[in-house]
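Reviewing the structure listed below.
First chain written, first letter: the chains are A, B, C, D, E and F, and each begins at residue 1.
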Amino acid sequence: MDSGNIAWVLISTALVLFMTPGLAFFYGGMVRSKNFLAMLMQNYFAMGLLAVLWVLFGASIAFGNLGDGGWFGGFDFAGFQDITINSKQFAAFTGGIPDPLFLAFQMTFAIITPALITGATADRLKFAGYAVLIGVWLLVVYSPVAHWAFGGGWIAEMGAFDFAGGLVVHINAGAAALAVLLVIGARKGHGKEPMAPHALPWTLLGTGILWFGWIGFNAGSALAANAIAAQALLNTIIAPAAAMLGWLLVEKLKGKHVTTLGAASGAVAGMVAITPCAGFVGTGPSLIIGFLAGIICYLALFIKEAAKLDDALDVIAVHLVGGIFGSIALGLFADSAVNEIIPDGLFLGGGSDLLVDQIVAVAAVFAFALVATYIIAKAIDMTIGLRVDEETEDIGLDQALHAETAYNNL
Amino acid sequence: MKKITAVVKPFRVDEVKEALKGAGVAGMTVSEVQGFGRQAGHTEVYRGAEYTVDFVPKVKFEVIVDDAEVQGIVDAIVTSAKTGKIGDGKIWVTSVDELIRIRTGELGTDAI
Amino acid sequence: MKKITAVVKPFRVDEVKEALKGAGVAGMTVSEVQGFGRQAGHTEVYRGAEYTVDFVPKVKFEVIVDDAEVQGIVDAIVTSAKTGKIGDGKIWVTSVDELIRIRTGELGTDAI
Amino acid sequence: MKKITAVVKPFRVDEVKEALKGAGVAGMTVSEVQGFGRQAGHTEVYRGAEYTVDFVPKVKFEVIVDDAEVQGIVDAIVTSAKTGKIGDGKIWVTSVDELIRIRTGELGTDAI
Amino acid sequence: MDSGNIAWVLISTALVLFMTPGLAFFYGGMVRSKNFLAMLMQNYFAMGLLAVLWVLFGASIAFGNLGDGGWFGGFDFAGFQDITINSKQFAAFTGGIPDPLFLAFQMTFAIITPALITGATADRLKFAGYAVLIGVWLLVVYSPVAHWAFGGGWIAEMGAFDFAGGLVVHINAGAAALAVLLVIGARKGHGKEPMAPHALPWTLLGTGILWFGWIGFNAGSALAANAIAAQALLNTIIAPAAAMLGWLLVEKLKGKHVTTLGAASGAVAGMVAITPCAGFVGTGPSLIIGFLAGIICYLALFIKEAAKLDDALDVIAVHLVGGIFGSIALGLFADSAVNEIIPDGLFLGGGSDLLVDQIVAVAAVFAFALVATYIIAKAIDMTIGLRVDEETEDIGLDQALHAETAYNNL
Amino acid sequence: MDSGNIAWVLISTALVLFMTPGLAFFYGGMVRSKNFLAMLMQNYFAMGLLAVLWVLFGASIAFGNLGDGGWFGGFDFAGFQDITINSKQFAAFTGGIPDPLFLAFQMTFAIITPALITGATADRLKFAGYAVLIGVWLLVVYSPVAHWAFGGGWIAEMGAFDFAGGLVVHINAGAAALAVLLVIGARKGHGKEPMAPHALPWTLLGTGILWFGWIGFNAGSALAANAIAAQALLNTIIAPAAAMLGWLLVEKLKGKHVTTLGAASGAVAGMVAITPCAGFVGTGPSLIIGFLAGIICYLALFIKEAAKLDDALDVIAVHLVGGIFGSIALGLFADSAVNEIIPDGLFLGGGSDLLVDQIVAVAAVFAFALVATYIIAKAIDMTIGLRVDEETEDIGLDQALHAETAYNNL
């Protein structure tokens, strides 16, 4: 056991844990003030519920039967059975960091991924329905997909790669968001009232926390304090930076104004796109991937218009499209000189094998998450209900669901 | 001239504004207020303790209009603000002695 | 007694306050409001979507004065609040039946 | 009908509200304002520089009542808002021409 | 000197330092807006005053005479005398991290512990009185108790354990809060006016920062980047998670609403309760301790009603009761397989020895902190005064004490 | 490659990256609400633009020709050419952390330094002019100066030292701020309207984030997880603490009130002053340097009055004066027992050689930054314009430049 590697994964776990509060505020600043606390609640509650469910079942489903090339990790490690400070269940795979640490690190991914959905569904989810949704989703969608790609399942065996979660996190959550939107429909007043962000400073604060935490997300995924982690860290700074410039450039070309929210959104788009590539590509490609992600995710904003979907805070444009773009870009820019476990991508002379595998993986995760989530959401909607009634929407979720008000000045 | 003051539910602000525009109103002044009335306040919870919040968020519109237009505008507000549930709010009308447009110094109905 | 209400541009608040003091006003009450009028709202941008914000931030002054002082005070406000551009705001004057100073119970102009 | 407007100290809001309820008031509208008056503003410090903040936070109550009730309600406000120190605030009374309950369309004192 | 261990304690120190701003906002969101800055001030000022006092005297009192089984560390290291980058005063005890690092890590505990008290006394402390209170308290209460339990004093020698501060931090501060409350009495208007939190988003932000920092607090207390740190980190995520669920469950059973503040409070209760246990118990017990802590701390809210104490932000229910519960739970769930330095607890077949020691330690710290703090607070109150006058309370501390206003919109 | 050292520099990079959002809020809370988003935008945009420019040219200008004792690093590493996960361009200098990591760590310094200027110029910069300003400044001022002192250029060769950026960061940015002020002049209404901070809680939050991140800034500059890093970390806690006390003491002596902003400003002044000294001085001197910095920077507030400069958020008093003081104090307190690479300072019996070198370095950086920045700013002002028109200043930058509003409650 190398203490430097352990130190790095310990702090990376803390960093990724901190991302969920960051996400809460990133989203929370954009909703109307009457729904601010409800947005925070959904995200913080994910930390409570999903950590527990991960220990009970999720971790086992994702990382049981490690490297089996299959679909499902089983229940061998349910309740963290046989996971102790001395156990070596994952040692070969993780390079020797303690088992509880590896599963804790992965837990933080399992927390934030379902929470990403809340951006799409803002301002209208019933709390009980939401709780069931993310709980079931963790076990039925997230954990299996994590097994496929992170746990040595069929995607890994096929030869597709996902450094820190382009497939497992962003496409997965993005497709799920799309599915839930198809079930619950638009916010009351959508398209008629402006619904301006109630306080962008919170969103900017969230962006700062997310970027900070994303260093742990991507560079921590090296599971070691080595040069690959160093490259992943570098990429996680410069790709978002370039993406911010890309997004702002389109803003400037399209209208007169560059916006604070544009800077934040562009940066996040870059973080998303570089996630699958972080420890697999070099510096130049990172800049290119980031810059293009800023432009592409901006342009993807039109999807919700076209599809008449009320994706309130643009989970589709940023996470789904950004995740797809990054996962496919890996097939182009993967660099075996950066990380010997990956073959070179198309642009580095490695041929199209990796690219094809990446596309297959993207399609599979997208399709599975979309269909499975649609079924789950529909079932919840038809039983306990997934959407609040009109009056609750009018009054605001904070007061109606949580008996609280975000700002009390009188 | 008269001043029409309307206190309405916050989620009706857009409708009321559009109705006022539709009724030919050229200007208005709006502010956030808290209302107390028949509409019971709601319960909030603070670490296990429940307490009643008497005040409900409302939005206040103030519009100065020519005497002749009062009725039409009141009707426009009523129509656009009404949900039929308790707490829809009040409208009151008061007299204005003089009105001045700061930019031009115009007086009276010219200043509206 | 009269109540003078003025709705002015926020960055003129200090000037108006000083002008009122200069005009001998001993007290006033001020609040933040949103205005709608000839001054077009501005465009805001939200992730590529442009939308118009109809309401413009304004500040409302309320001053209760003796009838004799109305004109002087109105003039003071006009002078200090005027930029000459659309949206400088309005002043309106209404009648006050009675005024009470809470601290002393004084009534009428004594309470000003 | 009359409108009673009272500007009071913020930490008296609860007392005033209860006193109004006690005096039989069925509804009121409240807002945050800033007051300027005999009560000197306070000094604030910004990195070594002292500057005077002229405006003091106050809360404004607006209550529309039947003419007969004005005196009782004014008294209730005075009693509940009074601390005896400068800055306790003002109450003023103005005439209301018409009042409408949006929900029912009721008019006049029925709408109170 | 192992660079991985040093790296981990370096970053853990930074994490714990960051907790005090987190605490400032956790508390600050709950007070009325006219007292928001004063709450921030009290917490930030603790960082200034107590860091200096720690160097001058506190560290020596706590960690002088290391392992003497006694009561007081003396003044040998006052002013960090003989503490250099090459000194090895604590090497045997700390496993070899540099002396200045060990004392810096401990400094961050010495800062946040007195700051915890400010939650109970919110909205009514005189600033000068407060400054004297925490300064004296650091030297007379905190540092000795730290010696007893962390510095190899009598509690450690007796055989009681405290991984990261159930005794030293939470019971200590909780009992002190209780004592100060007995001296200063209730806020003006307490029980009559609602005193709703003025802006819960700050509280939620603080919760996120606290949780993030608590990883350093607990897992950093291993003083090494090893498997015990890994288990401590895991426990510091899952116990708060389970506690959040426990708290929200009671909320749901009692009323109709689950609240954002409930989620935050439950999580913090879990952090408190797992603190003494973090590197001593396994995964399952952590879930149980957390879940029970959420329920118990919620139920402990009644104490302030019963005792007619105006514990404004519930330091007693969360820190005192949570700390007692966690410290005693250690006697039940301690697991020598997790950490060989501790004997097994009652439920793991180790008999009741540890449990008894834990109870003795709890009682001793509680009694000492209560009595000593009462005397200190009373003395301050009778001399320079500990509580502001009524007019200051009416106007608000921000304006009256600090000549500032939190929000200036006009 | 030592994994512990790498882990420490990885997390330090993340910490310093997080400082720029911290700075955004530190400044943002002090401006008027109509300019809040513009302030955030300037800082976040620095993360986007400067990260990219650093990769393209800045890093090469700063760290090319390493140790040449010269003025300019050249373009050998432009676009991170020849910087790979296996390259060892800087290994001798950095003690072996991977090249991409070293340049990423330094990148975060290159981002925050230009951003420091925004405090002086608050509320009146044109966005396009600002963008050009910081871009050009990075390449023409920051990167060369970084070469002189950090990259083994003439300052290093002369024998002056700068542990983490007293010269390169604070004097550099402070002098630049002064130069830009000379070009753009005062805010409309300056000296007549009070311009109170619109929401100090953001400023306090920013202070907390800055302090947290500064641990990475200073202790990370050891480029290793060793005892020097430990001392640097300790100093980065206690010097700001003592500085807070110093600042508040003067406040108390001068007026009646100690302020929250004073606590925050004092702490930041201490962070600035200890930056050049962090890994070079002992514990006692740190307390002294910090305490004096709090007093000196407070007193330096008068400079802007005297010079009739509208240094909106006191970049001169805090960064320029604090940086000068710290850099000179190093000549007095440098301690070869703390760090063998530095000679003892005057007070430690090392004579005045170091002190003289420090003064020369201070003067050189100040003069160069002042003149070069003045030319750049003037050129921008005369071409595309550096300052907004009066109407924009009246309406506020948020709405006029970015078509956004910070707070939307209606």
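Convention: contacts are C-beta pairs under 8 Å (C-beta built on N, C-alpha and C of every residue); 3 or more make two chains touch, one makes a residue touch a chain.
Bear in mind the structure is a predicted one, so any value in this text is a computation, not a measurement.
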Revision key, fill the gap. Note: chains that touch chain B and chain F both are A, C, D, E
Review point. Would you say A-B or B-E is joined by more C-beta pairs in contact?
Key: B-E
Check your understanding: Is it true that over half of the residue numbers where chain E touches chain F are used by both copies, so same, or is it different?
Key -> different
Review point. How many angstrom lie between the CA centroids of chain A and chain F, rounded to a whole number?
Key: 33
Revision key, fill the gap. Distance in whole angstrom between the CA centres of chain A and chain D is 51
Revision key, fill the gap. Note: chain C sits from chain B at a C-alpha centroid distance in Å of 18
**Study point:** Interchain centroid distance [CA atoms averaged], chain D/chain F, Å
**Key:** 50
**Study point:** Of all residues in chain D, the ones touching two or more other chains
**Key:** 30-32, 34, 44-45, 50, 53, 55, 94-95
Check your understanding: Do you know which chain E residues sit against two or more other chains?
Key -> 2-5, 7-8, 11, 196-197, 205, 209, 225, 255, 257, 259, 261, 402-405, 407, 409-410
**Study point:** chain F to chain C touching residues, read off their complex
**Key:** 34, 189, 192-193, 394-395, 399, 402-405, 410
Review point. What residues on chain D touch chain B, complex-wise?
Key: 1, 3, 17, 26-31, 64, 94-103, 105, 111
Check your understanding: How about chain C: which of its residues touch chain B in the complex?
Key -> 2, 6-8, 31-38, 54-55, 58, 60, 74, 77-78, 81-95
Check your understanding: Within the complex, which stretch of chain A touches chain E?
Key -> 1-8, 10-11, 13-14, 17-18, 20-22, 24-25, 28, 36-38, 40-41, 44-45, 47-52, 55, 79-80, 83-86, 97-98, 100-101, 103-104, 107-108, 127, 202, 205, 209, 225, 398, 401-409
Review point. For the complex, which residues does chain A have touching chain F?
Key: 2-5, 7-8, 11, 15, 33, 196-201, 204-205, 207-209, 211-212, 215-216, 219, 224-231, 233-234, 237-238, 240-242, 244-245, 248, 255-261, 263-264, 266-267, 282-284, 287, 337-338, 407
